[in-house]
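After this come two complexes, each holding chain A, first together with chain B and then together with chain C.
After this line comes the complex of A and B, so read on.
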């Protein structure tokens, strides 16, 4: 078992003892969302600024079905994954042919379009008031309405997501996406239809976003309009960059830092986004690899110090 | 029979005809060089053959079949692979990963592409290692690209093309920027590759051309102005003029 996995398992156990279970759940839900984004951002080199499109669409559709048809939890999750993947297929199809700033702006613009639909379609989404009253149905006698069982459920799904993403990034697909990030022209010249591969990254990332969206809706019992807004899209990019987009675990650490900070510091200090802004600038200026890189550098420094103290002492 | 043949192939960039009515037949199993001064249109000609650029007019045939207009990502699957004049690799990858990506592109089956570990495609792995061994980089398979010299990067460029197990290899100035010692090694390598592949070689250095080519075509201002054996080309007056003009410019 890898050290990263041990650390994550330990965190899953300890977290609900330190913070409210709802916050603990939110951390792993946001981590699932980040895993999906990072397949695009870190592995394929595509900065999607519209991930909440998939997160929010899934939350609305599954939330609505949960609310009005009392569907089974797993069916709700499955539908969320499907809606996330389908909306990502649509957005991806329109975006993968563009590159650079055009690409970013297009993901953002399409996100705004989805936001606008949710804003206007008050009969279904509740518009600005959000879509409240989303239940967490029982399953096999387990009452997910209780915070801790739901936390355990979310944690299990996070571990499953992490395992699936690990398989994907270590598969040929993961290598090919990285090759596209490194040199798209050459990847194409080697015989890869790069547009199709980028679309695949979108769809997989969208599926993860969709799963996160449904879990989020069930966690808070509501789909707020912000769930499909650009702030949510920005937050997941932000969290992933802070954690480090260069590794599988970066977005997990990023989610941890981001949610924990936003919950703990925001109650003390209303201008906490300022603090996040500062953290972001530090990351961009000094630690392009985020917390993961900072930690690697710190370990290397400690190692050197330890060695030299042994030599002199 | 010609394995690769172009018929009046033309590419214009606005008013400039970078490639102009080029009809060229490459015989299977030969090493056919294309020479010509800078800006003659040699690289553009390769870009047309590989689908990176669409021709303005004319056709390309492989094994007698018209492949004009085939998208760039399909061309390698027809058995055409190229190396680039300016090193064009995957900078953050190890040497092995660079060639592995090329080898996997041509894997007979992509089953399990999103799920099976990338290590578990023995055929792609062997082809990747063989390509590195061919160019003498087997010992550095795990090194990242940035740790190897410029000369070694040129060899890697070649290995990536080889890993695609092509029938026709298009090599765009593989000796560009090599030291004399490295150039010698490259010539030896070219001799080894000859016969295993049909090779189209773009080269500047006359000594390399003369020592490895079966046939030589000369390009000047987008057009072919001569074709023959190395000895014939060396004697050709028009070639001399073009070349001297090109060097002086």
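After this line comes the complex of A and C, so read on.
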């Protein structure tokens, strides 16, 4: 068992003792969401600014079925994964042919397309008010309506997701995706159909987003319109980047920092997105490379100081 | 026409600076709010129409000079995060200064009411906006096409290394292009204020549209952005007349449809 895994297991146990179980659950849900994005951003080098499309679509579809047809929890999750993957296939098909700026703008514009559909289709989605009243059905006598059992359920699914993602990035598929990130032309010259592999990464990322979306809907019992909005897409990008993209655990650290901070600040001041914006700007200008790099720089600085104090003293 | 104005400004920024400017919508909103405030303060709509976009341009200047300048080597992810953070800051600042509730701003008395065009009755102010935006697009186009500075900017889109080899300060060019783009966004916002009113969310809606316009026109293609802006505007107006609810969706649907057929955009070469 690696040190990272031990740290995560410890965090899973300690977290609900420190913060409210809802926030603790949200951290792992957001981490699943971040894992999906990181396959695109960190491993394939595709900056998708439309991840909430899949997150929100899955939340709406599964939420609606849970609410009106009282479907089984695992069926709801399965449907969420399928909807996430399918919407990602749709969006990905349009986007993977382009790269760079164009790709970012397309993912965002298509995100807006889904957002406006949700916004206008009030009969199903509730529009601006969101879709409330999503139940958390029991399973095998376990009452997921209680916060702690649901937290355990979310944590287990997070560990499963982490394991699957680890297998994916270490598989030949993961290696090809990293080859595309490093040098797409060369990967293509080696005979790989890069557009198809990028689409595959998109669909897998969408499936993870879909899973996160359904868990989110069941956690709060509501699908708010923001779940499919571009701010959600931006948040997951931010969380992944502050954690450090390109490493498996980066988005996990990132979502931990992001959710914890935003939950503690949002209760203090209604205008907290302002602080969030300031945080984005500061991180970009001064702490590029994320928490992992900031720590490395801090250690280097401490070492220098220690040495200089030894020289003078 | 307003869409063409927004798209042109964004196309300039994405083309010359090669960054995803998520603050473009916020600059649009800043232009609108500045217009309303200055018009109320000095009681002169026309002066406010001059001042407000200049404010947006100054803000753009500061953003480029203080922030974006350091990020050209940083990769799109950090540039995106930076401009996205700015967009959040600006839209929250608007709520702090002007309040979360939207309000309307009346056009100047001369432009209230409508004119009878024979076949239809059309509000005077909208007619004015159409003409003004058209003239602005034309003026920007002439500037880019006929003047020395315009030629330098277009050259900047084509080949940055070559431009700096020719002894032109590329950083000044970047700053100028961003300020001009911000100016266009600001004046589009200022012109819009009396039509759609003001709300903190107006920037985001416009941002999506501006991206669609640029994507449709083809990256780095200024004429394409103008044409795509017109196309989107007309498509939206036609749909809005028949099926109001779908009018915001249709923009993105048109984009998706066009990109299925022509992935490089209507006029894109890259």
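One rule holds for everything that comes next: the second predicted complex is superposed on the first by the 270 of 313 C-alpha atoms of A that agree within 3 Å, B and C clash if a C-alpha of one lies under 4 Å from a C-alpha of the other, contacts with A are read in each partner's own complex, and residues count from 1 in each chain.
As a working rule, a residue touches a chain if its C-beta (ideal position, glycine included) is under 8 Å from a C-beta of that chain, and two chains touch if they have at least 3 such contacts.
Treat the numbers as computed from the prediction; the structure is a model and nothing was measured.
When the shared chain is aligned, chain C comes close enough to touch A:279, but chain B does not. In the superposition on chain A, A:190 makes contact with chain B only, not with chain C. In the overlay built on the shared chain, the residue A:177 is in contact with neither chain B nor chain C. Once the two complexes are laid over each other on the shared chain, residue contacts for A:102 go to chain C alone; chain B is not touched.
Put chain B and chain C next to each other and count what each touches on chain A; the higher total goes to C.
Once the two complexes are laid over each other on the shared chain, residue contacts for A:168 go to chain B alone; chain C is not touched. Contacts of A:237 after superposition on the shared chain: chain C is touched, whereas chain B is not. Shared contact residues of chain A, touching chain B in one structure and chain C in the other, are absent. Interface of chain A with chain B (complex): residues 167-168, 170-176, 178-179, 182-183, 185-194, 200, 204.
Here chain A touches chain C in the complex through residues 41, 47, 49, 94, 97-98, 100-102, 104-106, 108-110, 112-113, 116-117, 119-120, 230-231, 234, 237-238, 241, 245, 271, 273-274, 276-281, 283-285, 288, going by the rule given at the top.
Contact residues on chain B toward chain A in their complex (touch as defined above): 50, 52, 71-77, 82, 84, 88-93, 97, 100-102, 104-106, 110, 112-118, 121, 160, 164. Against chain A, in their complex, chain C makes its touches with residues 14, 18-20, 22, 67, 70-71, 74, 76-82, 84-93, 95-96, 204, 208, 211-212, 214-215, 219, 245-246, 248-249, 252-253, 255-256, 259-260, 263.
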